[in-house]
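What follows is a group of structures, each given as structure tokens.
Both of the next two complexes hold chain A, though its partner changes from chain B to chain C.
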Partner chain A sequence: MRRVYLDSNATTPIRPEVVTAMMPVLTEHFGNPSSIHWFGQHAKSMIDDARQHVARLINAESSEIVFTSGGTEADNFAIRGMAESQKAKGRHIITSKIEHHAVMHTCQDLEKQGYEVTWLPVSRDGAVDPDSVRRALRPGTILITIMHANNEIGTVQPIEEIGRIAEEADVYFHSDGVQSTGKIPIDVRRLKVDLYSMSSHKIHGPKGIGALFIKKGTILKPLLTGGGHERNRRSGTENVAGIVGFGHAAKMARESMATDMARVGELRDLLEAALKSRIEFIHVNGENAPRLPNTTNIMVDYAEGEGLVISLDLKGVAVSTGSACSSGSMEPSHVLTAIGKTPDEAHGSLRLSLSALTTREDVEYVIEVLPGIVERLRDLSPYYKKV
Partner chain B sequence: MAYSEKLLDYFQNPRCVGEIPGADAVAEVSNPICGDVMKLWVKIDGRHIRDAKFKAQGCSAAIATSSYATEMLVGMEIDRARLITKEEIADALGGLPASKIHCSVLASDAIKQVLREF
Partner chain C sequence: MIAVAMSGGVDSSTAAVLLKEQGRDIVGLSMQLWNQRRSLPGDEVASEEQELKRSGRCCSIDDIWDARRVAAHLDIPFYVLNLEDEFEKTVVAPFVGSYLAGETPSPCILCNNYVKFNHLVERASQIGAEKVATGHYARVRHDQALGRWLLLRGKDTRKDQSYFLFGLTQDQLSKTVFPLGELSKPEVREIARCAGIPTFDKPESQEICFVQSGSYADFVEKYSGIQQDKSGSIVNAEGRVVGEHAGIHRYTVGQRKGIGAAGKPQYVVQIEPGLNHVVIGENSLLQRKRFALRDANWIAIETIEKLDGPIRCDVQIRNRFEPQPAAVWMEDGEVLVEFDSPQRAITPGQAAVFYWDEVVVGGGWIKS
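On to the complex of A and B.
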């Protein structure tokens, strides 16, 4: 069966070149980077190279990159670390209602510990209004954490404007860049972020590795204490193979982002236009806001998302949904709820996310099979009447 | 996949889909949590269910369990049909993942409701 993978916001296939770069680390270059002998120092130099590649991808300096076990740890480190470091100054944090669970649940946990969190609403297109950030500021605000691009609907937030507001107010600013890294150009100086989270496996690197950009001079209490690795910011012997893979993936992303993402954006637009013309009663979420070029989130009336996902899977197509039926928690996606969708509307949501490795044939195959699947499910619906 | 072959077959090729014009009873139930909906039509003959058809808007488990339960009804004694439980439906389809057990409630509720006057 033909297999088409359009769930790249969940994870991406690892690039063969990345595997090639990692293999020597998994075989002969096994040294502990903290050791002073050749084995250790060779591993250390490989980490240094990788750190440079990750830093360049976001216009940071190598010394500002701390490797973590992934995006979730980077988010936890940024938010918990800042909450702890700044607690003498205040206990107020500003975030949005559409953050990834790694940020949302971390902020909720801090609320239980006595911190106060302002949850900013978003527009119907899923954008945070920078003015709402300004209005939420108060004495005792210690951190603003707003994601760069949303994982479900792909909307890109006005980080540069929020960064200016944070700078003027002298409040630390963290952005979860897990979905934006490698997909849109990022310059942490221009964005004026103090902390920026990244993940390797969303850009064709290995899982289990990510990084947090920590602007020079920023004091952040470590989550993990131990041998003082990563310049005393994240203890634990380095995941050398993961770091090398992430570095190579970051290098490839930087070199080919412009051409890859222009092509991906065209494919996404083609996909949206074709689905809209072939299937009636569908809507694109976040359509009028700036969006990542690789993501489309559609709502299909008179059909349910989990049924669509399973039907597509049986045809070899991998996508995801924000429907309550697939969440385990039995609640619709908090992102779709935040953009004003009722549970009924969220019921038929479908996220298709492309990557640099997606081909035109992949997209054409989905355009070919999805209309029939929707029609079959609608024919089963007691509400759908053919016009 | 978390679903059995049998469940996927009932999802892909649901039996007893449709409406019954002039049905003796119709019930529509929805799951207030996830939003799934099932509508069930029955034709009654004495103490037996002569025919049953359904329509549903919901996830694969909801559609499969609705179809299987509706198929069970055809020819069944009313008093026996009333005893159909969500577990009976789920077990017959090879079980459901823990987070999807509530899906079979839709069908068992619809059966109880459609038979309430008989």
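On to the complex of A and C.
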């Protein structure tokens, strides 16, 4: 069966070049980077190279990149670390209602510990209003954490404007960049972020590795203590293979982002246009806000997202409904709820996310099979009557 | 395409094996029905420790895990469907309501009627499956002469589950496949073993799946949020108060309850929800011939209303019960059943299923 993968915001396939780059680490170059000897030194230098590649992708310095076990740890590190480091100054955090669970649940946990969290609403297209950030600021505010691009609908937030506000107010600013990294150009200096989370497996690198950008001079209490790895910021013997893979994926993303994403954007637009013309009663969520070029979130009226996803999978097409993490539970996605969708509408939503490896044929196949599936589901829906 | 309802157990796994061997296009479906994490109204605020213990657990998560392993082993597509809302509405809430009304409910039948053969069939049709197969020991057959779908006992009469399926409509039966209907349990285990099913020797589940810890009575109290005292009187057949009970939902007709004055064992003979009474008496008082039925469903006949006189059939009034000859008829809009000889403990809330030999005529719920 033909298999088409359009769930790249969940994860992406590893590029063959990345695998090739990782192979030596998994075989002869097994050294512990902390060791003095040749084996250790070799591992250490590979990590340094990778760190440079990751840093360059977001215009940071190598010394500002700390490798973590992934995006979730980076988010936890940034938010919990900052809450702990700054608690003498205050206990107020500003975030949005559409953050990834890694940020949302971490903030909720801090609420239980006595921190106060302001949950900013978003527009119907999923955008945070920078003015609302300004208004939420108060003397005890210690951190603003707003994601760069949303994983479900792809909205790109006005991070640069929020960064300016944070700088003026002298409040630390974290942005979860897991979905934006490698898909849109990022310059942490221009964005004025102090902390920026990244993940490798969203950009064709291996899983289990991510990074947190920590602006030089930022005091951040570590989550993990131990042997003082990563300049005392994150203890634990480095995941050398993962880091090398991440580094190579970051290098490739930087080199080919402009051409890849231009092409991906065209394919996404083609997909949206074709589906709109072939299926009635569908809407694109977040259509009027700046969006990632690879993501489309389509609301299909009179059809259940679960039925759509399974039917598509049986035809070889991988997509998701809600966000991948919450699939399996019937809680409507908090992101779609935040942009004003009812639970029923949210359950009928479909996320298709492309990557640099998506082909025109992939997209054409989806355009071919989806209308028939929607028709079948609607024929069985008591709410749908053909006009 | 046929959707196989997979629980991870040997029966539904073997159903999948058999259909696959027949070369059918199949998809495995498991139902997530109940989440142990949900707090019930009667729960105290869960401590963080309890919360941690509970997190991520649902009553059937191990079963879903097993089902996924089996599906992977058979190399068939597999999905978990969330039917928690439907399950709560059509099985759990009525189960609790039934106990509070002094009855003894049969949640597995409700689950078959409303969840498996209704919502699951509907979801299956959404993903393009025309039929749903389960691992029940029963048979479905289309009778040309009658123009009806018939439900028959499974060939292995000791394992037969047709009793639990009396509520299936003609439409549901037409979309149902029971691959194990002609087989015995040992044969099924052998097929599973030969096919390398990882769960071939898994013991059968017995308990009510959503009552995980404690007794069903504790569950009823927690779910319904009973705060006030539910205690009431235990009375004897003459109406004299002989004791106190802790809530009628803790009793079932036929259950033994102490020793009487004459040294004869006493049993619950009736539960009176209106008076909040549990009536006890000697075994002989449990012997009855006649009862009324509600929500009857007819399979082998169109309906009993159109028949002139009573029909004769064998009637089964609980799971482990040898069907007994009886007459069934309609009177004043009510279906009545009369056994030829008295039967012990005809229990409200249980199902009564009518058989002509191995054919299910129909059935309903015992009212009084």
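Note that the second predicted complex is superposed on the first by the 380 of 387 C-alpha atoms of A that agree within 3 Å, B and C clash if a C-alpha of one lies under 4 Å from a C-alpha of the other, contacts with A are read in each partner's own complex, and residues count from 1 in each chain.
Criterion: a residue touches a chain if its C-beta (ideal position, glycine included) is under 8 Å from a C-beta of that chain, and two chains touch if they have at least 3 such contacts.
Just so it is clear, the structure is predicted and the values come from calculations on it, not from any experiment.
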{"item": "Room on chain A for both chain B and chain C (clash or fit)", "value": "clash"}
{"item": "Chain B versus chain C as contact partner of A:Met22, first or second or both or neither", "value": "neither"}
{"item": "Contacts of A:Gly307 with chain B and chain C, given as first, second, both or neither", "value": "both"}
{"item": "Touched partner set for A:Asp344, first chain B, second chain C, both or neither", "value": "first"}
{"item": "Which partner, chain B or chain C, touches more chain A residues", "value": "B"}
{"item": "Touching partner for A:Leu380 - first (chain B), second (chain C), both, neither", "value": "both"}
{"item": "Single chain C stretch clashing with chain B - from 26-34, 98-106 or 314-322", "value": "26-34"}
{"item": "Chain B and chain C contact sites that coincide on chain A, given as residue numbers", "value": "304, 306-307, 310-311, 313-314, 328, 330, 377, 380"}
{"item": "Chain A partner contacts - residues on chain C that touch it in the complex", "value": "1, 27, 32, 77, 79-82, 84-85, 122-123, 125-128"}
{"item": "Partner chain B, residues of chain A touching it in the complex", "value": "302-307, 310-311, 313-314, 323-326, 328, 330, 332, 343-344, 347, 377, 379-384"}
{"item": "Chain B - residues contacting chain A, complex", "value": "1, 3, 8, 11-12, 14, 17, 28, 33-39, 55-63, 99-100, 102-103"}
{"item": "For the chain A and chain C complex, residues of the former touching the latter", "value": "304, 306-307, 310-311, 313-314, 328-330, 376-377, 380"}
